[in-house]
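Just so it is clear, A, B, C and D label the chains in written order, and each chain counts residues from 1 on its own.
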Amino acid sequence: MGIKVAVLGAHGRVGSAIVEAVKEAEDLDLYATVDEGSQIEDIKGADVVVDFTTPNAVMDNLKYALGEGIHAVVGTTGFTPERLEQVRSWCQESTAHALIAPNFAISAVLTMAFAKQAAQYFESAEVIEFHHPNKLDAPSGTAVHTAEAIAAARKEAGMDACPDATDQSLDGARGADVQGIKVHGVRMQGMVAHEEVIFGTQGQTLTIRQDSYDRTSFVPGVLLGVRKINEHPGLVVGLDEYLGI
Amino acid sequence: MGIKVAVLGAHGRVGSAIVEAVKEAEDLDLYATVDEGSQIEDIKGADVVVDFTTPNAVMDNLKYALGEGIHAVVGTTGFTPERLEQVRSWCQESTAHALIAPNFAISAVLTMAFAKQAAQYFESAEVIEFHHPNKLDAPSGTAVHTAEAIAAARKEAGMDACPDATDQSLDGARGADVQGIKVHGVRMQGMVAHEEVIFGTQGQTLTIRQDSYDRTSFVPGVLLGVRKINEHPGLVVGLDEYLGI
Amino acid sequence: MGIKVAVLGAHGRVGSAIVEAVKEAEDLDLYATVDEGSQIEDIKGADVVVDFTTPNAVMDNLKYALGEGIHAVVGTTGFTPERLEQVRSWCQESTAHALIAPNFAISAVLTMAFAKQAAQYFESAEVIEFHHPNKLDAPSGTAVHTAEAIAAARKEAGMDACPDATDQSLDGARGADVQGIKVHGVRMQGMVAHEEVIFGTQGQTLTIRQDSYDRTSFVPGVLLGVRKINEHPGLVVGLDEYLGI
Amino acid sequence: MGIKVAVLGAHGRVGSAIVEAVKEAEDLDLYATVDEGSQIEDIKGADVVVDFTTPNAVMDNLKYALGEGIHAVVGTTGFTPERLEQVRSWCQESTAHALIAPNFAISAVLTMAFAKQAAQYFESAEVIEFHHPNKLDAPSGTAVHTAEAIAAARKEAGMDACPDATDQSLDGARGADVQGIKVHGVRMQGMVAHEEVIFGTQGQTLTIRQDSYDRTSFVPGVLLGVRKINEHPGLVVGLDEYLGI
C-alpha cells in the first residue's frame, strides 16, 4: 500500500502535473483530486494533501486537512507571518504536519543553500539569471534572494566588498547591485529559467548553476515533501530542512 | 630551413612570449631579436618581422622592414586611418606584405565572426564578458565590438528589437545597452578574460564562448600570421582574412 | 497577402507544431492541412508545402507538389541517393524548388558549420553531447557527424593528432574515438538535447554549444525554409545554404 | 602583530607561491623560510609552519614543529594510516595542531562536498573533468573521488542505478564507470584543471563546476588553514572541517 495522496487544484497547470506524477510513482496512490466542482471533504482518509490552489482557498483547505489529521504539502502563495502562525497552531493541535514552500525546485533550493555555504571563502561573487523574454521583472526574485543570502554570509564573516576596479562603465554594464552583490538578468528566447552563481578567489572559480528545462521542475520537490512529511513534525517553511541543509 | 623570424620589442611581456614560441616551432627560426639597446638593422635578412612595440616606434620599424622586403606582422596599437594608408602605400612599393591586427587571440576573433554569421537567425542575442577585477572598463572593448557587430547584422536583415517584456527592474539588471544588444560585465577574482555570446530562438539557444586562460593567448594568432603572410599580399587589417572568415 | 503554406502530416507531433507556427506568423497563411483522412489534392494552389510525413508517403507527395509548381520543404527521413536524384529531376521539370534537410534546428546546423570553420586553428578538439536518458544510441548521430566534420577539416589542413599524454586510463574515460576526435555522451534526466564542441590552443579555448530545450526547435528552421525557398532553385539538401554558410 | 608563518620547501613552485602570499597578507608575517641549505631550527618561534616538502622530509619536520608547539599546515603527500597515527599522537603531546590535506583548492573541496549533499536528490549524476593534454591519467583522481562519493551517497539513500537506455554505443562514448557513476575526461590544449558535476531530475539539472586557472589555486586554502588552525585542535585530515562542511 502506498501513501494516499489527495491533490487540491488538480486541474491547474501545476496540480495536473502532480496528479500525473503521483499516478506514475509506485509508492504513491492517488486518493482524491479536488478542483472547482468537487469538494474538500473528498480528501478525507488521505495521508497527505498537496495544495497548489489560491491564497483565497488555501487557509480553509489547511484548516480542514490538518483538522482531519492529513499532512499538507503546500505551494500556494500569499502566506503572511499571521497566516504561518495560524497554520503552526493548527499543527500543534493535530497529529498532522505541514510543509509550506515558496520554491519546490530542488535544484534551485540547493543552489541557494550551496551559495550560502561557499560565500565566505571567495572574494568575488556574482549572480546571473537567464529567463524567457516574457518575464516581467529583472532580476528574478530567486536571484535577488540568492544575492541577499550571499551578502549576509559575507557580512557575518566580516568580509570586504568584492574587488572591482571599474572606473569607466556603460550604464548597467556591471549589473544590478543587491547589497553589494552584482546580479545580471539575461532574457533569451528559447530559455526557460536558469540561475548561475559564480564565486572567485586566487586562481580558481566555483560555479553553481541551476537549469529548469520545463514547467514541471517543482514535481520532484513536491514528491519529496509527500514522502518525508511524516518525519518533519509541525510546520516547516521552505524545503531546506527536507534536503538536510 | 624554417621561416626566418625577427622579433621587435623582444623583451616586453608579449615579445618575449613570441620569442619563446618561435624557438619552439620547428618550422620557424629565430633570426633576430631587437629591443632597447639593439638596432632595427639587425633584422636585415629576415623573412618576417613581428612588431609588438609602441605607437612611437612602429612606423619607423615598418618603413625599414617593408623597404627591405621583410613581411611585417604587427600587434602594436595606435593605427589611425592615415597611418594605415601610409603602410598600404609602402606595401605597394615593396614585395613584402603587412598584417596589422588589434586582436591576435584566434578564439576571440572567431567568436566575433561566428556571432556576425549567426545574428540574423535568432530573435534574442546578449553578450556576457568575464574579467579579473583589476580591469578598468566595463564592458570590455571586445564585448562592445561584438554587440555592435550583432546589431549591424540584425539591422541589415531588417530584424525587430530583441523581445523583452521587462517592466520592473533594478537599475542595471538588464545590462548595458549597445545598439539594442544587452551586454553584461562580470568581474571575478581568478578569472582572466572570457566572452560568451548567447543567441536564442524557439526552443533552442546557441552559445559561443571564448576563454583566455593566460596572457599568451595571442601567440597562436601571431604564428599563424607569420606562416601565412606570404599568401596575403598588401596590407591586411585584422586576422579575419587569415582565418578564412 | 502572406505565403500560402500547406502542411502534410499535420496531425503529427512535428506537423502540429508547424501548423501552430504558421498560424501565428503574420507573413504566412495556413492554406491547407493534410493528414490521414484528407487528400494530397487539398494542397493545390499553395505556394509552399511542408512535408514531415513518412518515407512511404513522401515521394508521392513530392511528385504531386512539384508537379503542381508548389515548393516543398521536407523533413521526412529515408532519402537515398536515388530518391534525391529523382527529386532533383522533378525540380528541373518544374518551376518549384525543394529543400530536404535532416536537421532543421538552426542552432545545431550552425554549431556544425562553425566547428568546421574553426577546426584547423586549434590543436585540440572534443565533442560532448547531452541527452535525456531514454536515448538509445551513444554518441548521438549529430555528435558523430560533428566529429567527422572536424576530423576532415583537420586532415585537409594537414594537422597532427590531438595532443594527449594519457597513459593510464579507466576504460571509456577518454570517450569514443571518431576518426581521432574524442566524443563524450552524457545521459541526464531533465535534459533534452545539447551539444558542446570545445577547441583549444595555447592559452585559450573556444566553445560552441547548442541547447534544445523542447521538441519544437525545428520550427524556426522550417519557417526559414518556407520564407526563402523561392530564392534557392532546384533541390537543396541541408539547411546550410539557406544559412549562408 | 600578525601570525608568524614559516614556510618549508620555500624555493619550490608551491612554496614560493605561499611565500609571496604570506608577504602580501596584512594579517600574516613571514617569519622564516627553509629549503635546502637552511635548517629546520630556523622556524623556532613561529606560530604556524607550512610544509610543502617531500615524503622523505615531512615526518622529521612535523616532529620538530609540533615538539616546539608550532602548528603545522601540510600539503606534502605520502601519508599512510601509520604516519597519520604518528602525527595524531604528536599532536596529543603538544599544544600545537596539525592540518594535513591532499587538496587545498577550496573550489575543488567544496565541489566534492556539495556533490555529496546533492547526490540523493537526483536520479542522474555524471562527472566531466577537463585538463591540459600533458596529464598522464584519465580520469583525474579528483573526478574519481567525486564519483565515488556520489555513488556512496546514492547507495546510502537506497537509490537505483542512474537511468540509461543506451543499447547501441561506440566504445567509450558513455565514459568510464566508477561504481555506477559515469566519468568523462577531456584533454584540451589551453585548459588547466576543471571539474563539472551534473545532476538531473525531472525538468531540471544542477551543475557544480570548479575551474582552476593557474597553479596557485591552492594558496587561499593554505592561508585559510594558517588563519584557523588554532581553532581546530589535534590532527585534522582534509580541508572540509575548516570549510564548515
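To be clear about the criterion, contacts are C-beta pairs under 8 Å (C-beta built on N, C-alpha and C of every residue); 3 or more make two chains touch, one makes a residue touch a chain.
These numbers come from a predicted model, not from an experiment.
Separation of subunit B from subunit D in touch steps, taking the shortest path, is 1.
The chains that touch subunit C as well as subunit D are A, B. Taken over every residue number at the interface, the positions common to subunit A and subunit D amount to over half, indicating a same-residue contact. Over half of the residue-numbered contact pairs at B-D are shared with one candidate from C-D, A-B or A-C, namely A-C.
Ranking all chains by how far their C-alpha centres lie from the centre of subunit C, first place goes to D. For the pair subunit A and subunit B, the distance between mean C-alpha positions equals 45 Å. Work out the mean CA point of subunit B and of subunit C, and you get 33 Å between them.
Note on chain placement: the centre of subunit A and the centre of subunit C lie 38 Å apart, centres being C-alpha means. Touching of two or more other chains is recorded for residues 122, 190-191, 201-205, 211, 213-214, 217 of subunit A. Across the complex, subunit C is touched by residues 190-192, 211, 213-214, 217 of subunit A. Listed in rising order, the residues of subunit D touching subunit A in the complex are 21, 105-108, 110-111, 114, 117-118, 121-122, 199, 201-217, 219-220, 224, 243-245.
Within the complex formed with subunit C, the subunit D residues making contact are 122-124, 126, 128, 130, 133-139, 144, 162-178, 182-191, 198, 200-205.
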